[in-house]
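Residue numbering begins at 1 within each chain, and the chains themselves are lettered A, B and C in the order written.
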Amino acid sequence: MSASAAPVVPEPEDPRLVAANLVVGARLFASAMAFVFMSFVFAFFYLKAVDSNGMWRPAHVSPPQGYGIAILICILAAAAAFELARRGLASGTGSVSMLALALGLSVAVVVLQLIEYLAGVDFGADGGGYASVFYGWTAMFLAFWLGAVYSVETLLATSMRSAREAQAAGTTIETLRPSADATMVYLYSCAGIAVVTWVLLYLIK
Amino acid sequence: MSTIESTPTTTPTKAPTFREQLVGFHLIWGVVLAAVGYFVCHWLGTKVGGHIDSQSATDQDDLAVFFGFLGATLGWLIGLGFFNYPLSRMLGRPASLVEGEEYGVWRYFRLCTDHKVVAIQYFVAVLFFFGVGGLNAMLIRGELTSDNATFIPAGNYLTLVSLHGTMMLMMMSAGVLGPLGNYLVPLMIGARRMAFPRVESLTLWLTVLAGFVLISAIFLGGFPTGWTGYVPLSVEARAGMDAYLFSFALIGISLCLVGLNIIATVMTMRAPGMYWNRIPVFVWGMLTTSILAVLAAPVLFAALYMAALDRTVETTFFLASNGGSPFLWDNLFWFFGHPEVYILALPGFGIVLEILPVFARKPLWGYRVAVAGMFGVALLSFMVWQHHLFVSGINANLRPFYMFTTELISIPTGIIFLIGMGTLWRARIRFTVPMLFALAFFFNFLIGGLSGVYLSDVPSDVTTHGSYFVMAHFHYTIMGGLVFATIGGFYYWLPKITGYKLDETLGKIHFWMMFIFFNLTFFPLFAAGLLGMPRRVSNYNPSLHALNVFVSISAWCLGLSLLGLLANIVWTQLLVREPAGPNPWLSKSLEWQLPSPVPAYNFERIPVINSAPYSYGIPDAPPVADFGKPAVLPGGPAITPEGGVI
Amino acid sequence: MSAVGAAANGAGADVRHGRRILIIWVIANVILVPIVIWVVGPHIPPYHASRQSTEQHNVNVVLTALATPVLLMIWVYFGYSIAVFRQRGAEVVDGPPLEGDPRIQITWLVATTAIVLALAVYGTVGLLGSSNGAGGGQGPTPLAKPANAAGALQVQVIGQQWMWTFRWPGYGGVETPYLVLPVNREVEFHVTSIDVAHSFWAYELGVKADAIPGNDNVAFVKPTQVRSFQIRCAELCGLWHGHMNTTGRVVRQAAFNTWIAQARVRYRGVTKQLPPYSHVYYPVPDQRAS
């Protein structure tokens, strides 16, 4: 632990190990995320069953269906676009345009959700049990979705930079694919959760 | 080319100067930016809160406090340098696994991806916060020497009780995963690093921040709910409650990520020949703990988030008159809370089962059964949580089921005892300090576990729920179990971490004082509970006065004994510094075949593993690993012992 | 030493040590279990102020009597190991490479499973049998009710920060600050709260039921002794949680009738102002604006 000794330099990292780490890590994170939203599913069904003081969902409390559908479609489309991008990456054809589309759709989800909060919803957070679950759940989902936006943006930026450098150096791209696989796991999980969210909050209520 | 940088590609020729280090990202900037972040975002929060009745029409400023804490977290992480990598990735720069590992003492005060550095940082942090919690306990016992509120006003007493419990639970949850897990898991499986080194450092610095956020509750009026944060009291409490919610949420994130890191590491980064049945039992303990951490901590996070929303934007998750339910909190909290206590217990199992073979000089008796027992505990721990709610008014149909599952969990726990007993059968026991702590673990956890059987039986639980009987039960299992095992683990592994052994004589004095006074402190509390003393009160039946005075004196002596540990550390690690050599305990485990302290990057060559590390008593047993064989070609794939490629 | 000789030596040693441990354990049990049951047992709380507390007492004695052999087995084994299987001297010598014995492991698993199943059955029977829930709060729809539940004396226990109030639906809905119960009569508590979570703990009677706002927590008790009993709050409810104590009394039926009649007279002015009797109370206005 001396101040001036440089560390022994070992062999370079095996990319397959990094790839394995990323995919395992993504799956574990998706499990953790699933448990966060499982708490909201529990809250939904429990409070609905208890209907304490008759205030689960008073008559005037109803979600804006248009926004719900729009947000869900954007999420699913973003996942689909990303899947196409990932396949393009795996087969060696371009992925930048699909990644850009996925990023655009992801950002659209965020924008739509914020607009829904500010202008779309006509009940406040104190409008009963359902209202509480609605706001809490969608806000938490938004926070996790921002993580998806970050991942997609990172892949896009890395992809663009690598495309330029690969053209210059004539070498293959090695680590984009495992990152894309990991992000795909995350996006699929978000999409699955989004479907459950929509079914419970907008359909079943 | 987008490959991973895993090593510094150039080695600088001279060390950076103090001024150069000062300018970089480290703890000092973390503190400064955290303070700045708090005040800026607190101000922002008051502006936003102006639109919400509960914030603007009253003197409550919870939204501002939460904003402030968020700002503090952002500032803290920015100052320590955690945003550098994500931002560089967003610009498309290549991925890397190494950051901040160069040079000397500054590594310990910033983001460093060396798992050994993170472990030592954790060690210091956990010791410090354990000390804070312990100090709270000494004050609590001081107040309890009188049968009504005498020295400490009622509100402050409740804050002390709450701080003690929360600090201990928060810190000891990662009390083994952090220091020992991070240090030993890569070494024990033959890896150079953890799967996600930056995340590892993040978990540490979030833990440190969480500890200070919790302490800041003192300046926000304290909080009155105990570590369980029951609603509606926690929704109505003053701003100190926000500190509890926020710090516990940070710990939840940290715990989840620590677990994630450990699982990913063990799954993907085992050395060639390290098959699943050759992994040390300590690593299995870490693995099962990590499964619980990854799955249970998110539920806590969700519950704390809901409480924060109730306190700020007027949602009513927990307000019965407006569609909510206090039972929602109870269920979510305890769905986390029960796996949480097994997050505390399982590492203890792992440590003692790892220590026992070394000092009994026998293989672990029933390795597969031990692992099965740990998995049994982990699985069942998700199915018992309503035993905390037996008399709370839950649906009466549920109670027999949860009584059954709770009693069932004593079967895998009993397996741990069976394995310990089998390992001692016809052994050649050496009574070193780690061995003493491991044996004391079995003594204490037995009492703790048996008292749990009383609590699991609903009729018996009717009187003992919410009383000092429960207190004695969990102190016996957590302190008598986990803390004893962890201290034993420190005595055992500190020579590997620092290269200097702890003093055996001081250690034995510390052990006997701790063991005797621990039992004198907590055993009478079973009686206190059965005699009608509720938890978390400073006002109790005068007939219990003598008992409480006795317990308080024993508790202070227990606290003094822990100072003995501190003295031992200071004496041997800082003053005397006698080198321990690579393997003072003559252990066959992989980490003990390396020099002490372990050099950077751990192994010169990734070893090829020959057997599980328990081959004691076998005359011609091969060494646990072969370090000479070039198992990994530079830049190439790993090679199995049979010559195949992984 | 040949392998066969070593094995024979090992097996002989196994039997020798095993027999010794077993004998010590049996002797310890023979001495201690009767002491636990008949000397220590009667002193284990709770005592016999109600049918429920008697049930709890019996359960505690049974559990302690069962715990004693388990405790002794571990203590005797570890004590014997520490005394006999130790390495004397500074030399470090390895023990025999025993890695497990499936027969012992299976026997242990079967035995522990059997004990646990027996305990679970015992606990369930105790809970759902004649103790009618053993004094614990069973929620709004109790499972274990007394045979003549319809004739039980209904008492609503209202917890608030930081006192207990008792409401008597069968006596005009009068509220009293004190709890007086008639002896040898089934009592049906309905425990609720009007602010935060409390827990109604009538210690000597063996009753504990959490008071949760919006929840009607039912607990049954049949006091069998004329005596006073402590009432404490067992769930942290804020600043004066430790002071939320009072004393209840169990009296003869006639004394109870007198007391409740006097209470109705004394508090009739207040009773007129109270909201109608309900199992749960919500604040007024009970609809939130949004």
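As a convention for this text, a residue touches a chain if its C-beta (ideal position, glycine included) is under 8 Å from a C-beta of that chain, and two chains touch if they have at least 3 such contacts.
These figures come from a predicted structure and were not determined experimentally.
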Of A-C and A-B, pair with higher C-beta contact tally: A-B
Taking each chain's C-alpha mean as its centre, the one farthest from subunit C: A
Chain centre separation (subunit B, subunit C; CA means) in Å: 31
Centre-to-centre distance between subunit B and subunit A (centres being mean Cα positions), rounded to whole Å: 29
Where subunit A and subunit C are represented by their mean Cα positions, the distance between them in whole Å: 47
Overlap residues in subunit B, where contacts from two or more other chains coincide: 316, 320-322, 325, 327
For subunit C, residues contacting two or more additional chains: 214, 282, 286, 288
Multi-chain contact residues (two or more partners), subunit A: 52-53, 55, 124, 126, 128, 131
Residue ranges of subunit C in contact with subunit B within the complex: 10, 13-14, 17, 44-46, 52-53, 55-56, 59-60, 63, 67, 70-71, 74-75, 77-78, 81-82, 85-87, 92-101, 104-105, 108-109, 112-113, 116, 119-120, 122-124, 126-128, 131, 133-144, 191, 195-197, 199, 201, 203, 206-210, 212-217, 219, 230, 232-243, 245, 280, 282-283, 286, 288
Subunit C to subunit A touching residues, read off their complex: 214, 282, 286-290
Residues of subunit A that touch subunit C when the two form their complex: 52-53, 55, 58, 60-61, 123-124, 126-128, 131
Sites on subunit A touched by subunit B in the complex: 1-4, 6-18, 20-21, 24-25, 28-29, 31-33, 35-40, 42-43, 46-47, 50-53, 55-57, 124-126, 128-133, 135-136, 140, 150, 153-154, 157-162, 165-166, 169, 171-176, 179
In the complex with subunit A, residue positions of subunit B that touch it: 1-4, 6-8, 11-12, 14-15, 86, 89-95, 97, 101-105, 192, 195-196, 256, 259-261, 263-264, 267-269, 294-299, 301-303, 305-306, 309-310, 313-317, 320-325, 327-328, 331-332, 335, 597, 599-601, 603-604, 632-635, 637-638
